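By written order: A, B, C, D, E, F, G and H. Residues from 1 in each chain.
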Amino acid sequence: MDAHEIRALLERVSKGEESVDSALLRLKREPFDDLGFAKVDHHRGIRKGAAEVIYGAGKTPEQIRAIAQNMLDAGEKTVLMTRLSREAADYVKKTIPLDYNEAGRIAVAGSLPEPSGVGNIVVATGGTSDIPVAEEAAVTAQALGNRVTRLYDVGVAGLHRLLNHTEEIMSATVIIAIAGMEGALASVIGGLASCPVIAVPTSVGYGASFGGISALLSMLNSCASGVSVVNIDNGFGAGYMAALINHTGTK
Amino acid sequence: MDAHEIRALLERVSKGEESVDSALLRLKREPFDDLGFAKVDHHRGIRKGAAEVIYGAGKTPEQIRAIAQNMLDAGEKTVLMTRLSREAADYVKKTIPLDYNEAGRIAVAGSLPEPSGVGNIVVATGGTSDIPVAEEAAVTAQALGNRVTRLYDVGVAGLHRLLNHTEEIMSATVIIAIAGMEGALASVIGGLASCPVIAVPTSVGYGASFGGISALLSMLNSCASGVSVVNIDNGFGAGYMAALINHTGTK
Amino acid sequence: MDAHEIRALLERVSKGEESVDSALLRLKREPFDDLGFAKVDHHRGIRKGAAEVIYGAGKTPEQIRAIAQNMLDAGEKTVLMTRLSREAADYVKKTIPLDYNEAGRIAVAGSLPEPSGVGNIVVATGGTSDIPVAEEAAVTAQALGNRVTRLYDVGVAGLHRLLNHTEEIMSATVIIAIAGMEGALASVIGGLASCPVIAVPTSVGYGASFGGISALLSMLNSCASGVSVVNIDNGFGAGYMAALINHTGTK
Amino acid sequence: MDAHEIRALLERVSKGEESVDSALLRLKREPFDDLGFAKVDHHRGIRKGAAEVIYGAGKTPEQIRAIAQNMLDAGEKTVLMTRLSREAADYVKKTIPLDYNEAGRIAVAGSLPEPSGVGNIVVATGGTSDIPVAEEAAVTAQALGNRVTRLYDVGVAGLHRLLNHTEEIMSATVIIAIAGMEGALASVIGGLASCPVIAVPTSVGYGASFGGISALLSMLNSCASGVSVVNIDNGFGAGYMAALINHTGTK
Amino acid sequence: MDAHEIRALLERVSKGEESVDSALLRLKREPFDDLGFAKVDHHRGIRKGAAEVIYGAGKTPEQIRAIAQNMLDAGEKTVLMTRLSREAADYVKKTIPLDYNEAGRIAVAGSLPEPSGVGNIVVATGGTSDIPVAEEAAVTAQALGNRVTRLYDVGVAGLHRLLNHTEEIMSATVIIAIAGMEGALASVIGGLASCPVIAVPTSVGYGASFGGISALLSMLNSCASGVSVVNIDNGFGAGYMAALINHTGTK
Amino acid sequence: MDAHEIRALLERVSKGEESVDSALLRLKREPFDDLGFAKVDHHRGIRKGAAEVIYGAGKTPEQIRAIAQNMLDAGEKTVLMTRLSREAADYVKKTIPLDYNEAGRIAVAGSLPEPSGVGNIVVATGGTSDIPVAEEAAVTAQALGNRVTRLYDVGVAGLHRLLNHTEEIMSATVIIAIAGMEGALASVIGGLASCPVIAVPTSVGYGASFGGISALLSMLNSCASGVSVVNIDNGFGAGYMAALINHTGTK
Amino acid sequence: MDAHEIRALLERVSKGEESVDSALLRLKREPFDDLGFAKVDHHRGIRKGAAEVIYGAGKTPEQIRAIAQNMLDAGEKTVLMTRLSREAADYVKKTIPLDYNEAGRIAVAGSLPEPSGVGNIVVATGGTSDIPVAEEAAVTAQALGNRVTRLYDVGVAGLHRLLNHTEEIMSATVIIAIAGMEGALASVIGGLASCPVIAVPTSVGYGASFGGISALLSMLNSCASGVSVVNIDNGFGAGYMAALINHTGTK
Amino acid sequence: MDAHEIRALLERVSKGEESVDSALLRLKREPFDDLGFAKVDHHRGIRKGAAEVIYGAGKTPEQIRAIAQNMLDAGEKTVLMTRLSREAADYVKKTIPLDYNEAGRIAVAGSLPEPSGVGNIVVATGGTSDIPVAEEAAVTAQALGNRVTRLYDVGVAGLHRLLNHTEEIMSATVIIAIAGMEGALASVIGGLASCPVIAVPTSVGYGASFGGISALLSMLNSCASGVSVVNIDNGFGAGYMAALINHTGTK
């Protein structure tokens, strides 16, 4: 119930059209849906027309297909499916046309929305092994209505590769910096860029990289301002956060 | 050298006013300042008129006052000083009028700029012990041209306190969620809000809170989308990041 | 020897029916069984009629079936088998009728006892991936004579889902709060409920969830009073503890 | 507002005694207190007459005294103050009679309530250095209406000391087991007792005790059933949890 | 070279039978074998007649058989093979009679030596899952000339089981206490026994047992005196250490 | 009660001098002291005449002096006081003659017993900063009736210093190897010696020595057989363990 | 662009052959390759003639072969391939002659260069299980133009084995010390040698070796001067670093 | 004894001037000094004329002065004192002229040697707070005969500051890269330079920098080749290692 509905209810009580008991019961039973906790699906609402999201992890191909079909039937233009195995994608594809990104294990049913954000989201990686996380981030951002530029394999050990892209970095609206091992990419980009940087540590590496902890700590301790961090390998989270930022003031 | 200077150099070469050798030497010796790495002070540039920042930690009161005076002489309207002890503040105050926030150990010289961001930044804390970090974040954001709403002591153990502020949460442009102990505030706010949430773990707590690690891990693992994290107790970093986000598309 | 037997022994000595030496030897050889360390099986005794428990982990199907048969032959009405694989369950089933809960990998032979506890145990989970641990807890509690209400997938990122169940939460006698990732569920429920809350971290999550450590720390640091914690994924332990609490004063 | 007040409001609306607008405003402004989130102070409500609690940590002596006076003026019979330094206690004492427990850094103003729980709470410690945490737990439980038995210095390295108290252990309703170093006390008591055991790791020890982590892990991994754990040194939390359990079915 | 050989060399020099240069070279080239660093195989030498040891881990069945044959040919009476898979044991058995202990993955070729130690070594475990480590320890100790008593599944959660064996514990010369999970067995035995106790943490457990770390920390922090610790799952190391202790003064 | 007292009791019952009820009560009230859990002070019993031990940590000088006086009055020849500050020692000294070892913060009242062990205990340290821990170990061992040889500052970085003492190392009955930083001393000594080695990590070092964790892990992973480990900085524990070993077969 | 090309560009401008605008654009677009960031492949350049390196990890056999062929076609004399599986090596071998080192999973195509370093690199390991890492280091160093001496299985538990090689150790130019478990080898060698020592922790071990962390910490805390450390199992990194050192002053 | 002395001894034996027994005793008693383990002070020997080192930590001012005087009396030209407090320095200065570097807490008595290394050692820091560690490294290197260039506050967040020094970086013989927080400096320099880089993590930072662990892990995981790491804050170790490298081939 929103404020209008409560007012209507009170007016019905005031007019004797609804009994006090019935009104009380109604208020007791739905106190929260009524009051604005409306994020039924908490991946929505960035903007009208943005994608619905299905987390594929822990769901059977049958479940994924059923949910997706449901959403499309309900009129959704874009349905995003994350952590989707090749096998599950093949199964869904039998009845629902699908654009599957194997590296990022992510798929889009329906069509990608027109970019509606303020500017451009740059997705940068330190190495080629970080690309799966980057693709998850990039496709997520695209499905949520953003223009995306990919800068892969621009790690700091070969600084010239990164510096060759100074222009893209300095003109971005948001940057997602993805790196494993020592995770220095986030700091260097944070030092070059004047926009918000979302850092994503990856579990790429061995030995003392400890499955991404080293990169995570590195990014949390970044000496550059304007850098914040999401969980290890969380490409979706970074893409979602970047999409929110790129739509600041547009809703 | 910026692009204009390089052009001027090339023109001098073209006109024979400068030899090839001399030009080559000049290019070799100053390659970087020339080419746009202009973030001389990397806390600037959010917007014309935003505050200059002086990190107080590790600087003597004398150094802080000298730098601040310098900046004001150079025409800066707002100078922000972080991690500033009461003693250092008292010293600076002798010659420079200062608005000192003791809780946040942060001060502003000059005047706060007019808010220039897209909307409102909400700074929320789980408990009263988190307020020092919150004040650092809030004053930082104000000094960088943002309107700030403070919601303190709205921790999840007394959920009604938080829910009483649903309206502020749902209408914010960016939210900074600050909590120690189990850090659940970020997830609950992340579930309620539709804007980006910057989570700040604090070192508040004892025992297995491990100086903020527990809250940090909690926030990195948030099940809510649209949450990213900065370092433990890093109020300045959160305020800066929020300011960047709130100025998306305004520059 | 219990007190009665010691008295009998002393009386035989007093009457000269048993020599001092023989009595001394007897006391020396069985000092402990005699004196009340009667928890022969330490999963018993909550109440007459409660289930016997067989830990399936590390036992062969043959061993499990033999022990269960033994217990049933000895007159046990309810035999609970935990950490029981589908294969082992199938094997046991050949000769012993079994109610097998595949999600929780737990089975009951015989019949569930009538609920004998003070009130109701609520088993709540943050997500659907936590259900296996929840089912282990729920079936354990039922087999130990408790009425159980399941509230699954009520994680804090969609707060309305949890708040829709305020009534169940506020009328519970004990609540088991099960969550992975950031484990905030325990704190939010702890803030709403006035009964004891047993928190169970799960190993659900990835990256910085570190196999449940993040949720564990979060729960140990809960800012809500009346919350205590068991080991990661320890559904049985939580169900057992809740059963003990729900039988307070009933024995 | 509770259900009665909402009913009264609706009836006033129904009778025309209150306008719809005024009723709506009332509902909007106090939506949560009204609807059952009544734990205004979440340390209350175990039972009518139980103590109010003031966390002393992070509060000035002046604040503590003011809050306590407030509560007493409002008719509270028992006010519990935790983490209270000797100095703060001396200050409060000037105007409010106080029973100060220096070991536990905890005080009671007013009178202890009559025990109203089901049975007896046993507070046991491994060594004498664990006594401060134990006193915090014991006084908390007493202030919340429980009978408490203290068994101090019964650590497992001198097993006979513990076994001499078998009777108290086996007849308790709840046991709080407090130990630092290797924390084995919780397991041994858990094996002897048939009631719930709340384990409290303490930061007592040196070297590889890591400020209580060793004891914490030990307790979480207890091989005994019916043991759950609270944060390191959290005597108050253990006392509160034990009080809740000991009042199961009494409210 | 041992002292005898050096003397012989010096005498040859003294008699002019060997030149100074030749003697100098000899001394320079073999300085260490000469001077008593005689532990060619560092698992030998406890006593004449004790077993030779072959670590099976990282060796092929062919290598193991070859080394064992070698040792037997050289007159060794007892050859111990640790970390030996069933497959490797089967292979070796084809040509060398072998007493293979599958639980402990350890085998003896030749015959066990007569016990030559001071007294009895007790090997105790907390649970049945610790038996593989215990068997490795027990067979190692036997192969090194010790009498061994096994006390399995005497964990502290069922204290009566342990106390039933007080006599064995109090009359032992050395005790090996093996436990996973919370590792409390070492402390309880350390409190009962007056002989040295070697504690072995095992990787048995789940969740916060962290592969044996919890038990390891517990044992290092034992409040009982006379307890020292070896690496997680290191049954061989414990058996070897116990054998050394049990031979104190016998060599 | 020991066996003699129980026999006496039984005889009184047998003779009718004591009633069955009275005897039963007596047995029930003191079941454990009676039955052999005689380690009233668990630092005793290595051998008649060995020292009593008072842990100074957490005791006031007054308490320490009172306990010591008590023991001496009771006829103890040697009283050992550990973790004793210079101030506490000065206080005790006023009435009890004391041999205070300032480096080891340990004192002996009465006289040191004649060495009664099998052989010699060597106490070796890697550096001079490890000496406080070493002195605690050495004096403990002496007070418990052992002959002790000190080899200080023989760390592996200057191998010749250690090798100069090969003879002491190879003829020792037990060796205590004490080192901080990388703790390699234990492995090198373990490789040279044929007797049991007790390794003591110390908190000496900085940076990644993590207060002794580095040395602790190093020692637990020693590639040499016959090495076991006690807690960080636990000189007393090592001295006690070594004393037990050196008395194997002598009791 | 290198300095020659910039000079050429400036000369064209000077002669009017290229316009100022065109030159400016050129400078803006490739500012870094031009100015000396020439480490296009950052594994090159130790010296003319040294090997090119292909990291095999994460590359398909097809990719590896293509890159290698490319390099050979471009005139490279030596191509080094690391982390190369037996299968990938077999595939590459079909068309490119290859010297494959199975232990080190590393291969060389073309011929090894003549040693061009200052002296000799010693590669030492504590045990036989460390040999794979050692071979990776040794072959890397050889491929980069160094003479290499292998000293395997010289761990400190059998000190005589190491001391037998004092001469090689004392005459080396750089030493790579490779060990798992407690990693003491680096300290002992560091104490004997007067040249730089590169320490490589390996993941060899079990239990508290924690996949190499124990050895890593040990090496970082080495009490010997002149020791620095690379990542766990990073044989390539150690070989590369040693090669750089051995070519100091030769380029 | 060195080889000359052994030869002399053998010659005396050969000539009958010394008996076999006497020679044998001599060889037995000093076996190691004799045979080349000559690093009596293991901070020597880089080159004739290099500094002697006194570690000030854990030594009294009196001890330090005495040792230094000793060394100077023995003819040492340069004596280096590390971890020297201002107070200790003042004390030593009273009798020995001293060049004290307060930032680095390091002093030189006597004169700095002429640089004798191959080239130049660059000491770079990320921030100004890293300077104490840097000065310790720089003065150490100078005292060991090296030319040193300091590049302070060139952290990666302001990349232009670092890139302005490309020339120094590319022409260095060894670089010491010192940084706290995220430690990215080592990777970026490692990518730019072609010489060995010694990385020093510092304990500078707060929150998740964990006293230098974050920087340490970052540096160990550096994606640049030719980087190795020393302990946190170990400026002396880095300076020593760099000095060894810079003298490769010069001895």
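Everything that follows uses one rule, which is that a residue touches a chain if its C-beta (ideal position, glycine included) is under 8 Å from a C-beta of that chain, and two chains touch if they have at least 3 such contacts.
Given the structure is predicted, the values throughout are model-derived calculations rather than measurements.
A.B. asks: If you take the chains that touch chain A and keep only those that also touch chain G, what is left?
C.D. replies: Chains that touch both chain A and chain G, as defined above, are B, H.
A.B. asks: So which one's got more C-beta contacts, B-D or B-C?
C.D. replies: Of B-D and B-C, more C-beta pairs in contact link B-C.
A.B. asks: Please work out the Cα centroid separation of chain D and chain H, and write it as a whole number of Å.
C.D. replies: 56
A.B. asks: Distance between chain D and chain F based on Cα centroids, please, to the nearest Å.
C.D. replies: Distance between chain centres: 40 Å.
A.B. asks: Report the inter-centroid distance (CA atoms only) between chain C and chain H in whole Å.
C.D. replies: Computed from C-alpha means, the inter-chain centre distance equals 60 Å.
A.B. asks: Would you pick out the residues of chain F that each touch at least 2 other chains?
C.D. replies: 31, 36-37, 39, 42, 157-159, 166, 191-192, 207-209, 213, 216, 220-221, 224-225, 231-232
A.B. asks: If two chains touch, include that pair; go through all of them.
C.D. replies: Between chains, contact exists in these pairs: A-B, A-C, A-D, A-G, A-H, B-C, B-D, B-G, B-H, C-D, C-E, C-F, D-E, D-F, E-F, E-G, E-H, F-G, F-H, G-H.
A.B. asks: Within their complex, state which residues of chain E touch chain D.
C.D. replies: 126-127, 155-159, 181-184, 186-188, 190-192, 205, 207-210, 213-215, 217-225
A.B. asks: Sort out for me which residues of chain C touch chain A in the complex.
C.D. replies: Going through chain C, the ones touching chain A are 128-129, 157-160, 163-164, 166, 206-209.
A.B. asks: Write out the stretch or stretches of chain D touching chain A in their complex.
C.D. replies: 3, 6-7, 10-11, 13-14, 16, 20, 23-24, 27-28, 31, 35
A.B. asks: Of all residues in chain C, which touch chain E in the complex?
C.D. replies: By the definition above, chain C touches chain E via 31-33, 37, 39-40, 42, 58, 201, 203, 211-213, 216, 231-234.
A.B. asks: Any idea which chain H residues touch chain G in the complex?
C.D. replies: Going by the criterion above, the answer is residues 35-37, 39, 42-43, 45-46, 118-119, 166, 170, 173-174, 191-192, 194-196, 198, 216, 220-221, 224-232, 236-238, 240-241, 244-246, 248-251.
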